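Next up: some structures, all given as structure tokens.
There are two complexes below, and they share chain A, which is joined by chain B in the first and by chain C in the second.
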Partner chain A sequence: MPNLLARGLNAAAWVAALTVPFWLPNPYHLHVLIMAGIFAILALSLNLLLGYTGLLSLGHAAFFGIGAYASALLALRAAWPFAAGFGAAVVLAGASGWLIGRLALRLRGAYFVLVTISFAGVVSLVAVNWMELTNGPLGLPGVPAPALAGLSLATKRAAYYLVLAVAALAYGICRRLVYSRIGRAFVALRENEALAASVGVDGTRYLVLATVISAAMAGAAGSLYAHYTRFVSPEVFLFSYTVTMVIMVVAGGKGTLAGPLVGALLFTALPEALREAVAWQWQILAYGALLILVVFFLPRGIVPALAAWRARR
Partner chain B sequence: MLALESVSAGYGRLAALRDVTLEVRRGELVCLLGANGAGKSTTLKTISGLLAPRSGRVVFDGEAISGLAAPAIVRRGIAHCPEGRRVFPYLTVEENLRIGAWTRRDGVAAELDAVVAHFPILGERRRQAAGTLSGGEQQMLAIGRALMSRPRLLLLDEPSLGLAPAAADATFRIVGDIRDRGTTVLMVEQNAYAALRMADRAYVMETGRITLAGAARDLLRDEHVRRAYLGG
Partner chain C sequence: MEALLQHLLNGLVLGGTYALLGIGLTLIFGLMHVVNFAHGEFYTLGAYLTFAALALLGVPFFLGLALAILGGGLLGAAGERVLLRPLRGESIDTTMLVTIGLWIVLQNGELLVWGGVAKSIPHPFPTAPIVLGPVSVAPLRLFVMAAVLALIAGAHLLIHRTPLGTAMRATFQDHDTAALMGIDTGRIHTLTFALGSSLAAAAGALLGPIFLVYPSMGDLASLKAFSVVILGGLGNFAGAALGGLLLGVAEELGAGYVSSGYRDAVGFVIIILVLLFRPSGLFARAERVG
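Coming up: the complex of A and B.
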């Protein structure tokens, strides 16, 4: 019976996700959903590291920003079509993930956190100061809207389906990975690296692999963001983006597949809902209070709490 | 089959092994005895590649394996069951077993069936998270996982540590069984009496050196061993 319930919920979520642009009256709400989709990709990407391998990347906004700048610059300066720029964003972000992984994973734990933070700091400084390339703090306006095979995806509705498709793909990749041999290695490394080494798992190799996949996914989200908002500035490197991703993953349920999706939807929609419901002075305060409540009452996150609740019934 | 030739190793500036020479022959069950900190676990780690020796050689099947990385050593047929937390608690029993066959690609399903046939309790708990097993079951899982790599030499670190007496006895029976089926075993064990009764030969370690070696039944009668490790 509970299996049937889960399947029903799953199907309902898919139907809702596929039809929402047609029954949502307010275009602004569709915009919020598009941003939630972009953040869902980011949260899925961070969850691969934080949830499955246990590595905390506090510079994840760097991979997002690299993807956004790569895609925007190639479109503006070299007139690359969207699909090619998107691919380049994924590859470039993945390559920087490889570099960071190789550097940071000589050691583990706090050292990885520090290297990712400093990497985000350095990339952000480059974006601010390399005026000729990035136009500095003024940013890059006029990024073309995404287009595929000559078909412009400039409308909100089209952008929504594009983001939905990439998010579904990212989810599918995470799912395949987590249930594979490689996914077992990630969890084994998180739980006990010495034991994993004793069965022959090459820790550094698989942690670097996780970092590359995660960074590439964040780069994809960056490319979507650049072409959807049509503007990229050094703000994409803000630490608050990373913090938002961490909140989404931890509150949604790290180490679960659905957790990042739930977290992304909830914590993108929440500030908007508060904006409509509460006077502006109280918005941040209410957001903070809700966050504390979630962490306090559902310390393992929303999805694991729901799963435990269902198992008890 | 396995020989350590004047192996020294350590952590940072601390020397944990000094000039250790020992030998394990095909089909034997050899025991390493000694107090805490004598270097027993370090010896196993040096063999399995988790720690690189500073000097000396580890030879397996006539080839030097010292300096090889752990995965390469597992592939050559040495499985190491480390002490302490023995299983991956959030992986299921089956996932724990499967990861034991990490370095192999083929015949994993057949090996899984063989291990489950050997330990029926693991079959019953197949889909359960390993962390929910009892201590004795976790030890069975750890040994089963080590067998998944089809080792020719099994390194066991304190298999009875923290287990209830009945579970410890069951574990020793399993170890004896594994030896009888043709797998060579090198075992570190605190319970010197039980270990010496089942082993063919034993080495005694003190502060990083081998201080005594011999047939297990001779060591059981040895005055020094009786006083130091068998409680009189």
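Coming up: the complex of A and C.
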């Protein structure tokens, strides 16, 4: 019976996701959903590290920003088509993930966190100061809208389906990975690295792999963001983006496949719903308070809490 | 040559406050193993409390500074008691998320109370710089340097020469044994966090009158405190003091001779390089073998 319920919910979610642009009256709400989709990709990518390998990257905004800048610069300066820029963003972000993984994974725990933050700090300062390349704090306006095979995807509806497709792909990759030998190695490393090593799991190799995949996904989200909002500035490196991703993953349920999706939807929609009711300073303040409350009362996140609640009934 | 001396002097003033921030964080991160992202917010708090005391209440300058330091300590104690004590024994990630939450709450709370416009703190020192041979320095900066030295010396004496300091060191060396010896370890945790926070508040109170006070000033302060702690080695008091001075001078030289845009990159690069090549800090003694 619960299996049937889960399947029903799953199907309903798919139908809703596929048809929503046709019955949602307000285009602004569609915009919120597109942003939720971009954040879902980011949350999925962060969850791969934080949820499955147990590594907390607080420099994730750097991979997002590298993807956004790579894609925007290639489109603006070299007139690359969207698909090629997107691919380059993925590759470049993945490559920086490899670099950071190779460097930072000599360390674990708090030190890994600090190296990732510092990396993001340096990249952000480069984006502000390298005027010739990045146009500095003014940013890069006029990034072309995405287009595939000569077909422009400039409308909100088209952008929605593009983001949905990439998010679904990211989800599929995470799912395949988690249920594979590699995913089991990730979890083994999270639970007990020494024990995992004793049965032949090469810790650093798997963790670097996880960092590369995670960074590449974040780069994909960055490329989508650049072409959808048509503007990139050093703000993409803001630490608050990383914090938002962390909140989404932790509140949704780290180490679950659905958790980041639930977290991304909730924490993109919630601030928008509150927008009319309260001033934005109060909103961000509430965000911080909510993070503390989640740690205290829902330490494993919403999705595991719901699953446990259903199992009890 | 004169420019170099001037940079060194400015770097020492700046580095002194980094040292205060770093010593505060080395107690909290190095000894208590709390990755405290809210540390910079206590720095901001110190600056705003000084502003409130001086500009709004008209309290004398030195009393205002003392009040700010005390306020930082009290809020630190409350934060530890309410947010961190229930989570003792949880993983370092869990407490880190809580400090991130606290950081967001405090920063936006300050934004709500004071608004986003930067404030300047009045001070009683003459503005004409004192010329010392080839370099010149504002009297306020000289006072800040002296106050920093006094605070560092005070904190050092507190930790190394008093029964309370002995209890602190004992608690973080071996929690269970310390508790068996009759030390109230819960109280020690609260007091250590309060001491660390009040040092951050002191740094903010002292730098506030030199620069401007604004709600997000703590972000960089947190990261600089982390670089100082890592430079000096976790929990290493003297290392944090030296590391702070070194970072201040390095930033000042970097800004003067390389590019002022990359001033803040110095701290980040230090974190990365030190963690990669000397993870126990620059000043760690040679590791004992066996």
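Keep this in mind: the second predicted complex is superposed on the first by the 293 of 313 C-alpha atoms of A that agree within 3 Å, B and C clash if a C-alpha of one lies under 4 Å from a C-alpha of the other, contacts with A are read in each partner's own complex, and residues count from 1 in each chain.
Going forward, a contact is a pair of C-beta atoms (placed from the backbone, for glycine too) under 8 Å apart; a residue touches a chain by one contact, two chains touch by 3 or more.
All figures in this text were calculated on a predicted structure; none of them were measured in a lab.
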*Classify the contacts of A:Pro271 with the two partner chains as first (chain B alone), second (chain C alone), both, or neither.*
neither
*Please determine whether it is chain B or chain C that touches the greater number of chain A residues.*
C
*Of the two partner chains, chain B (first) and chain C (second), which one does A:Ile117 touch, if any: first, second, both, or neither?*
second
*After superposition on the shared chain, which partner residues are touched by A:Val187: those of chain B (first), chain C (second), both, or neither?*
first
*May I ask you to decide whether A:Leu107 touches chain B, chain C, both, or neither, giving the answer as first, second, both or neither?*
second
_By the touch definition at the top of the document, which applies to A:Pro81: first (chain B), second (chain C), both, or neither?_
neither
*Go through the superposed model and pick first if A:Gly139 touches only chain B, second if only chain C, both, or neither.*
neither
*Touch check for A:Leu195: first (chain B), second (chain C), both, or neither?*
first
_Overlap of chain C and chain B interfaces on chain A (superposed complexes)_ = none
*Once bound in the complex, which stretches of chain B touch chain A?*
48, 50, 69-71, 73-75, 79-82, 85-91, 95, 98-100, 102-103, 145-146, 149
_Footprint of chain B on chain A - complex, ascending_ = 181, 184-185, 187-188, 191-192, 194-202, 255
_Interfacial residue positions of chain C with respect to chain A in the complex_ = 29, 33, 35, 83, 86-87, 92-94, 96-98, 100-105, 108-109, 111-112, 219, 223, 226-227, 230, 259, 261-262, 264-265, 267-269, 271-272, 275-276, 279
*Using the touch definition up top, name the residues of chain A that touch chain C in the complex.*
56, 103-104, 106-107, 109-111, 113-115, 117-119, 121-122, 125, 128-129, 239, 243, 246, 250, 281-282, 284-285, 287-292, 295-296, 299
